[in-house]
Every structure is written in C-alpha cells, then in structure tokens.
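Two complexes are shown next, each including chain A; its partner changes from chain B in the first to chain C in the second.
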Partner chain A sequence: MAVQTPPRTTSSPPTTTAPQRPGPPWTEKWGGLFFVAPFGVLFAFFLLWPTLSGLWNSFFNTSLAGVQQEFLGLRNWQEMFGDPAVWASLRNTLVFTAMSTPPLVVIALVMALLANRQGLLGWFLRFAYFAPFVLPATVVTLIWVWIYQPGFGLVNGLLTAGGFAEIDWLNTENRAMLAVVITTVWWTVGFNFLLYLAALQGIPEQVYEAAAIDGASGRQQLFRITLPLLSRTTGLIVVLQLVASLKIFDQIYLMTDGGPNYATRPIIQYIYESGFTSYRIGYASAVSYMFFLVIVIVSIAQFRLFGGRKEADR
Partner chain B sequence: MSSVTIPRTKPSGPVVPRFTFPQVALAVGAVLLALVWLAPLLWAVDTSLKPEPETTRTPITWLPEAPTFAAYQSVVDQGSILRWFLNSTIVACLVTVLTLGVSTLAAYGFSRTTFPGRRVLFGLLIAGILVPPQVLIVPLFQEMSSLRLVDTYWGIVLPQVVAPVMVFVLKKFFDGVSRDYEDAARVDGATRLRIVWSVMVPMSRPVLGAVAIFTFIGAWNNFLWPFIVTTDPSMMTIPVGLANVQGSYGLRYAQIMASAVLGGLPLLIVFALFQRQVVRGVGDAGIKG
Partner chain C sequence: MTASHPTRRTVLTAALGLAGVATLGGCGSLRRDARIREWNLFGGGDGARLLQIHDKFVAEHKDMAFEAHTLAWGPPFYTKLAMSAAGGRAPEVATLHLSRLKGFSPATMLDPIPLDLLAKAGITEPDFLPATWDRCKIDGQLYAVPLDQHPFVLYYNTDICAKAGLLGPDGRIKPVRGVEPFLDMLRAVKEVTGKFAASIETTNPWRMWWTLYGQLEGGFFDESGRDLVIDDAKALEALGLMAKLAADGLTPKSADYPSLVAQFSNGDAGLSFNGEWEVTTYQTAKLPFSMAPFPVVYDVPKYAGDAHTFVLPHQAVRNEADTAATIEYIAWMLKNSAEWAAGGHIPAYQPVVASPEYLNLKPQAEYRSVAPDVLFDPDAWFSGSGAQLQNEAGAAFAGVLAGRTTPRQGLDQFKAATRKLLDTPSPV
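Coming up: the complex of A and B.
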C-alpha cells in the first residue's frame, strides 16, 4: 500500500550480518519482545480476547449480565439462518454498498482530475472536497437531516424553487436509502479523492509532454495515459471502499434509525439491537461472526484480484 | 512548455497569463463542484445565525435577515456541549499519544529485532487488520463492564489504541530506513530505546505526523464505541452527545445547527492547519478509518 518510501541515503551496502553488539544473550534473544509487548498486551486484551469470546458466546445463551450461561451448541447459528431480519439487514447493507461504491469512486476521480495541477486554486479545492471527511458522523447527520426536512429544508427548497414536487426523503421507504447514500458520498468521497490525487501527482510530467509532442489530444491523454496509469489506484480504492461501505452504521442509525419500516437497517444495527436492546449477547455474537466472515471473504476475494493484478504489472 | 522563443525579460505591460479555454473550463467546473461540496456547511452556518422563527419559514430565506449568535449562546448555556468538548479533547489526545507510542515501539520491534515467535505475532497482527471493530462491540462491552471501565475515559480510550494498521504502516516505513544510522548510533553505545527515540522517530516525522493526525481525527469522530461504552451524559464525547441533541432541543433548528457547527469546527481548523500532512498521509499510507 505504501507507495514509495524514499530511500533517504546513498545506496548503503547491505550489512551482511547485523553487527550485534555482544550483549547479554538473554537481551539478544528476547529483547525485541520488549518493544512489541505494550502493543501486544493491548492487542490481546482489546482485540484478540473479544474476538475469541465473541465466538465462544455465540454457542451460549448469554444475557448482557453474562451470569447464567446455557450451552446452546449451534442453535444461535441455526436461528440466525432462519431469521428474516438478518437477511433483510444484510441485504440493506449490500444495497447500500452497491449504491454508494460507484459514485464514491467516480466522483473522487473527477475531483482529483479537476484539482490536479491547479496551482493557486489547489488549496481551496482540496479543502472543499476533503473537509466533510473530517467531520463527526453526528455533525454530518444533523446537517443533512436538516437539509432533507420537508417544507423548509434546503433540498426541498431548491426542488420547489425549480418547480418540482417536494420529496419526504427520510420517511419514504424507497427514498431513505438514496438519501443516506447521498449524505455518505458527500461525507466520505474526500478520502478517495486524496488517494487519486496522490496517484495523479505521481505520474511524471514528461509522459504528457512526450504524448503532446506525438500529437495526442487532451482526450487521448486522459483515456490512453491517465486512466490506465490510475488503474492500480482504482483497484485499491474499490477494495477499501467496499469494506468501508459494508460497515455502514453511524449515519443510518442517526438519520433514519433503520427506518422507515426497517427499510434501511444495516446488519451492524441489527447486531447492536440484538445485543443491547434485546440483551441477547449470544445471538448478537453469532450474527457478528457471520458478518465478520462476509467481510473476510470480500477482503480476500478483492485482495486476490487486486494482488494478482499487481503481480501481472511487474 | 513552449517557451523556447520567449526571452526571460520582464514584460512591460500587465502580465496576462495565457490560459487556454479547456484550462479555464476545468477551473470553473472545479470551483462550482467545490461550492456544491461546501454548500451544506454554509447552509448549517447560515441557519445557526438565524433567530429560531426564521429557520422554519417558507419560502426559505437564504441569508439571515438579522444575524444573531443567540443560538450559540443558548447551546453553550445549556452546559453539556462544553463538557463533551472536554471529554473529546481528553479522549482524542490520550488515544493519539498512546497509539503513537505503542505503535512506534511495536513497529520498531517487528522491523529491527528478532525474538522467538516474531513471525507468528506479526501474522496475528496482520490478521487483526481484518477484524472490523464494529463486530467486537458486544464482547468488548461485556469485557469493559467486568473490568468496571464503562463510563470511564480508559474504557473509551483503550480499545481505540489497538490499531494494527498503524503498526503495519510504520513498520513498512521503518523497513525503508537505512540501517547505517542505527549501526552508527550503536557503535556510539546507544541503547535500542535510545535509537528509536533519536534515530527512527526524527527520520519518520512525516509518517508519524500523518498517523497522529488520522488517529486524532478518528478518535474525535468515533461514534459507535463511545456510544456503546458511555451511558452517563457527562462522560459522552461530542459525537455521542450531539446525537441526543436533536431530541432534547425539539425543533429548534438554529440551536441544532449551532451545535453541529461547534462540533465540527475544531476538526475543520485542524485540517486547514495540517492540510499538507493530511494529503501526504493519505497518499503515502492509504489509512482509512
């Protein structure tokens, strides 16, 4: 992922054997562990342990208090596969991902092409395109719920000013998800924009100069040089974006609370509700694990596709 | 580009930059898109400066007829937002400092030292990148309540310090730093801890800066985990506290927007100040929250 780490020194001859100072043998052998230990302890406590205890819980009937545990075997898992709410929320998550990923890639690319090599304007453009990304979810949703208000909201104000009919964005089943997608694109596209911008700035100017001498038009340069050279970045952005979109929760919970009529409830909200509203820790854990597997599968599939292309490039 | 024939003398008249039509069109398009992207923010500021009755008037007034800070005044007077600010500041600073410290040490350990089990541990770390924090909320909450860390700063902070991606990014950078500096320092008798502090840290300042900024923004903005682990309003961070605002203020939109502006402003300022580092950080590392 890290694109270039500039070697900061003149080419150093590879030290054949690390010149280890003959210290006490114990430090030489185990001393390195000292550096990894603080992170390792936190990792064990707050990542490894909950990951394992979540799996363990999924085989039990555990309440939030966690006192009386009844071994259920695979019953939580069986129930999950027959639970329509699981499938509906998983479907909402996938719909959101499918709707949000294309604009989040395409608009980011357009922004990067527009902002690249804009000299004086560059700072302003980078600020404007990226600024929403640094805002907390709550600030974003407070603003957008206000914008989507029927009657006096900005969007409906513009619609009525243009002679169109108003839309009750957040309370209409087939509009609510679109409203969330629009908000999400506005909020997060800046990150992908910066990835594209960094890639564009890595393309040497001479390539274009050479193409211009050969008489390539701006269009040809875009489609024959720029876009092909960006294909790797596009792969990376798609991978990161798919995984990020699958984890959707904050803005939906805050804007629609999963409604209307559960039409936007994503899988993480269902996990949250099973655990913290219905107090069914075991069941919530089973659903968490199923979702975790979905993410792992998507990541690995993407990684293999993307990784394979990387190998082919060389 | 084609400046072959033009001598490098100062032109006598005003400098007329020779922009081609496509360049102008692109710039205009870029600015228009930027305005569209800024519009929601401007609209929020605009609303926050209106007196309450004007916010819900139809047709919309584009600019406040008599701008007022009354909404800000009442938001601050209600008190909670200042407390949430304090909480967010404490949490984000703690997370950033601890993440930097712990991740730098671990990255150095993985990059430069050997010890039994190093490869297994590194494999575990990479696997940890795949675990989405969102699916850990239930077991983590259980763990926190048995450790009695619910509604405490440590309860909010500690899980956020575990950022395998950051260790990975730093390790990759350290791998590219020449070993010569280190060897020189070793010959001079520096301990390894000293080497991390006086060799690796100064050489990695840009990456460390990017990691710091992203960690800070991420910690300040994190919603789900603080939302789960805090129940006491006085322990909430800005994003969690603001989530309750809409309900508690009823339909007073100027106040809601004033809170939103206050909640978003510190980060916009941080970003404006450190834009260069942020831009470079994303380019170098591809850190996504």
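Coming up: the complex of A and C.
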C-alpha cells in the first residue's frame, strides 16, 4: 500500500478533484471475488460448514434418531480414548496402509519398466495392466470373493491341484487382510503404473545413449539413471497411495464386512457403524476428528520427508 | 387491431395456457392427494413376489398414485429410513423388522397407526397372535402392523433323507426330539452325502444359537432391560453343541450365507438350518426338498425368528388422504398375504393362515405350527435383524465353529460386547 501512495510532497498540481477522483472501479478491486465466489460458496457449504458442524457435534450426544440433544463436553472424546474398537480399527487401517503401499509402488514400477520397452507387446501390456482399474469396486469384490471361496474358488483350486491344503482366505482372522490387500493391488496398481509409464517416457533417450557409450550396463542404467530420474514421481505416487490406502473402506465392507471377528474392520467402517447403523452421530464425529488428526500427522511427516528429498536432489 | 392479428407469441401463450388447464383437469379426476410411497428391503426371491403383488394392488386401485422402492437389506435400508424419518420427509409407509421397532425410536421416527382407520379397513386386534400384536405396541400406541413371521426352520432334501431312512410313510421327515436323536439324524444324512449333514451360516450363527439357547429357556436381559442375565451353563451347552457339529464335520466349520445356499442346492448337505425365505430359490433350482419345524433339540419348542411389519415413518406434515390410502394399502396387503406366504413367510393375519389357499401351499404350510413359538431377538435398541447385537454374536461365535476359540472364550467375548452396548448411552 505504501508503495502505491505517492508521497504528498511530490504531488504535482494539486487539484481539487483529486481526492474525489474515483479510484479503480469497484468491480476491478473486488472483481476477483466474483471469480472465486462459485467455488467459495461450494467450499463453504460442502466442506467448511460440515467440518465445523462435525466438531460441534462431537461435543453433543447428537443422534440420527432426532432425539433431544444435550451438551456432553468432552465425554464423547473420553469414551473414544477408552474404546478398544477405535484403536483396533485404526490399527487395521494402518496395517492395511503398510501392507498395500509398498507393493502398489514397487509392482507398478516393475510393470512400467516391462511395458515401456516392449514394441509389439507394449500396447497389450499397457492394456492388461490398466484394465482392472476401470472396474467398479462392487464388480472387483464380487469376482475376488468367488476366487477366494473354499471348495470351488480359483485360488484354492490351484492350491489343492498343487498338493496344498485349502485356505479359508476371507474367514480366517490372520489371512483376511492379506486377501483384501492382494485384491486391492490387482485392482488399483494400474493407476500408479500409468504415472510411472508417463514419467519413464519423459526421460530423454539421449541420456541412455550417452550412458551406453560410456559403457554402462543395463543394470547400472537402471540404478544410476532411471530410478533417480523417477524419484519425483515415486514421491508423488507414495503420497497419493498413502492417502488412498488410509481411506480404505469399499472393498473391505463388500468382501468381509470388517470380519472375521473385526480383524479387517477399518476406522472408516467403525465411524460409519457408530454414526449410521447405531445413530450416534456425536460419537462418530469425535472418532472422525481423531482420524482427521492422524491423517494430518501422516501428511506432515510425508511433507517433511518429501521436502527433505527435494533438498537432497539439488 | 391487435386482437384481429394474433402474433406468434400470443398463440403460444394461449396454447400453453390450454395445456395447463388440461393438466389441472387431469389431476382433479385422479384424486392427486392419495399418494403412497412405499420403501421395502426385499431384494431376494420374496422381493420379486412383492412386485407381483404390488402390480395387482395398482391394477385394483387406479385412484391411488402408488410407488414402491426396494433398498439394500440391513443397515443401508435402516439408515436411509431413519434419516428420512428424522428429517420428517419419509415415505408414507415402510417395512420394518418387528425386532427393530424399539431401536427405531417410535417417539421420533414413527407415527402411530390410526386404529380407527385400520378398523374401517377391516383389520382388528383379534386377527393376530396376541404376542405379535403386543410387540407392535409401545406405551399403549400401535406403531406397526405385522405382515408375517419368519422363523428359523429345517429344510431337507427328500431324496437324501429317503436314502438315510429319515422319512415317514407320508414322505415327511420324522420329527426328532433331544440331543442324541438329533445327532443320529445328522450322522445318517452325512453317511449319504459323504460331505456334510446340514448347511449353516457359520459367519453369523446367531439364529442357530438363539434357537438352541431359547429351547433351553435361557434368559438374556433382566426385567429392567438394563442388566445381562445370560445363563452361562445353558449358553455354553448350546454353543458347545454347535462346536461339536462343526468339529465332527456334520456342519461346515466355515461357511458364509452364499455357501449355505450353495451347499444345500448342490447336495453337499442334505439338511439346511436357516430362515424360511429361501423357498423360492430352491424351488427355482428344482431341488427335491421340503421343510419342517426345526427339531426340538432341548426342552421346549422355540425358534429364533422375526416379523416383517408395516410402519408409518415420521412425516412432519401428514396428508390425511395419503394416510387413509396407506392404511387401505396395508389392509389390502394383509388380506392378500397368501401370495406373500408363497415366498416362505407365515402370514401374520390369521384369517389367511386358516384359508385353504395358504394351507395348500407346500412346503410353505408345513411349518406354520411354530408361529406361536417364534422367539424374537432380545429387546434393546442395538438388537434385531442386521443390528449390532447380531454382528457381535457373529464375530464371537464364528471362531468357535471354526475351532479357533473355545465356547467359553466365544461366550465371554459376546457377553463383553453386549455389556459394552448396554453401557453405551442409547441414541433413541
């Protein structure tokens, strides 16, 4: 502001009209607001307001059944900290994230490396790797629940044909999560694959030619050129994947409904059950806020790590 | 001068006006105010039957605007219905499991049923079993009209059971009573199938346990409904028998609902313990089968079950004509419930139960005698079909059948989960 205001002393011919001279027209000054207004309104209405009302609700015994609500203070929060189901389901979410993220990154990279150099087979690999991603969750889970069935499922058919015992994948506590992870990797790895493929195609061919002239082996080219040049993409994929995995709900709800014995129930399902099946919106809001904080913490940690790598790159 | 030369605009306006008048006239003759929107949760074989019955209703009631909507069974249905009722913009009528009536907060989410209108439509209290009718009342007000009862029953494959020597001269399965005869029956069937005796749903064995525990006359809540009074010895006896069936290979150790249906359909099991609603499935599959009451394994005849009812979800502004038409619809459905019974459910409306049309339905009429002994779920806001208590039972008991946990551990887990639900402040 100070820069724009000309010093009084240098003001040349002081005219009487100067103070009244209209400044920039009102529309020019505030016009920007009109451009963001549509988004601003939507943002406030669908994100800001529900977020704040969720926090507000967490201090009340708000019920979906429409009964009179009363102020509880921090009692929902207290109950949450003493509720083992909250921590068990949060743990399941984190376990799923830890189990699914590494294969979803590594397998996508391997598939991209395979598909990138293929000439004739390339289009087929690209299609085959990406195809499952376009299926809806309901179709994917329907297929995989059959594949995992004991008695007539494909996986157990292969196991018994190979002389192994059948495994009841979805109804065994320590196997169900693995089964869900396998399904998720099959279903969603295509998206990361596509990101990697695009990044690979962005690496100039000359770099490899130069390396080849210098006598670098294929292995050296991979570890000294390809992977370092992909590090930005890897960072992006890891962030996107962590967020996607923390949001896990659909395939678990459809495949195991959180069972057996709640061994796969993610935190979002617990929030859904508390809020919608049991009508306890207030309590579900408190749990949601706790999960919100977990995601914020993960994001900050991610940001730090990612930022650090950028420094190292230079 | 303008009048003699109508412009294009005036012609258009006039045409639109005429069209409007015509529409209004049409509305008047249609008695627009009688609108019935119905929400139900029947997605299976009974859902297809419901649509046929509805078509008949619509054909007979041209003056009512009727629309039916089928939503996904269980929590999704109840969540949507609860939200629409809490907002006061619910449909005119919906189906509800009787066991969930209390959990559905009659005070805020349901409107009482006008008894005078119901009586005018020809439906009165003596038309129902007293226990069922009483359960539809809360604080002296009627909140639900029962359509049917659906007990846990015994399905049997007639070919397999004939080979096992279990059928009487009339072709019906010979009733057994007591644990040992029950086990003998299962062993004989397993002998024939070479695989299992009975198909059951192990991922949620609540109905099986509740039936056996009920036959032992075990309690659940005390009078106040605030304290758990599960009789450990009886609960463990029931759970132990189920674990034994699985351990001996008479029933699968692990089977979800689709597997239960598949194993009975493909002859891996000659018996099936389930609710009666899969009749249509097995009839369509041309399976040689019949049905009977579930055996009285312990002391008294009791069968886990529930009833579908019609309720009036809460509307902030209720239209009298719509309500009257809705009550007419409910009464019509009850009087025509023989067709509904073909899907397996026992009609709640007693004149239909006594009708030849129902009595001639085979195998649907074979188990009608159990209706007075249907055992509803414990009365609590977290109990009932698809509600939290059944989920907790499934989580705790599935491991017992699979042999991962002992009956004692399973029961302790279930009791702890139920206590936690009791301690949770009721949201209704």
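Please note the rule applied: the second predicted complex is superposed on the first by the 282 of 314 C-alpha atoms of A that agree within 3 Å, B and C clash if a C-alpha of one lies under 4 Å from a C-alpha of the other, contacts with A are read in each partner's own complex, and residues count from 1 in each chain.
Throughout what follows, contacts are C-beta pairs under 8 Å (C-beta built on N, C-alpha and C of every residue); 3 or more make two chains touch, one makes a residue touch a chain.
Since the model is a prediction, treat every value here as computed from it, not as a measurement.
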_A:Phe276 in the overlay: touching chain B, chain C, both, or neither? Say first, second, both or neither._
both
*asked:* Per the contact definition in the header, classify A:Ala284: touching chain B only (first), chain C only (second), both, or neither.
replied: first
_I'd like to know which partner A:Phe46 touches here: chain B for first, chain C for second, both or neither._
first
*Go through the superposed model and pick first if A:Gly157 touches only chain B, second if only chain C, both, or neither.*
first
*asked:* Let me test your reading of the model: by the given contact rule, A:Phe81 touches which partner, first (chain B), second (chain C), both or neither?
replied: neither
*Look at the residues of chain A and decide whether chain B or chain C touches more of them.*
B
*Once the shared chain is lined up, is A:Leu125 touching chain B (first), chain C (second), both, or neither of them?*
first
_chain B/chain C common contact set on chain A_ = 64, 66, 151, 276
_Residue ranges of chain C touching chain A (in the complex, touch as defined)_ = 75, 78-79, 82-83, 85-86, 104-105, 107-109, 202-203, 254, 256, 259, 382, 387-388, 394-396, 398-399, 402, 404, 424-425, 427-428
*Write out the stretch or stretches of chain A touching chain B in their complex.*
1-9, 12, 15, 18-19, 21, 29-36, 38-40, 42-43, 45-51, 53-54, 57, 64, 66, 110-111, 114-115, 118, 121, 123-132, 134-139, 142-147, 151-152, 154, 157, 160-161, 186, 191, 194-195, 197-199, 201, 209, 212, 218, 236, 240, 243-244, 247, 249-250, 254, 268, 271-272, 275-276, 281, 284-285, 288-289, 291-292, 295-296, 299
*Which residues, counting only chain A, touch chain C once they are in their complex?*
61, 63-67, 149-151, 168, 170-173, 259-262, 273, 276-280
*Going by the contact rule at the top, pick out the chain B residues touching chain A in the complex.*
1, 22, 26-27, 29-31, 33-35, 37-41, 43-44, 47, 55-60, 101-103, 105-106, 108-110, 112-116, 118, 121, 124-125, 128, 130-132, 134-143, 146, 158-159, 161-162, 164, 167, 169, 172-173, 175-181, 183, 186, 192, 196, 203, 217, 220-221, 223-224, 228, 238-240, 242-243, 245-246, 253, 256-257, 259-260, 263-264, 267-268, 270-272, 275, 278-280, 282-286, 288
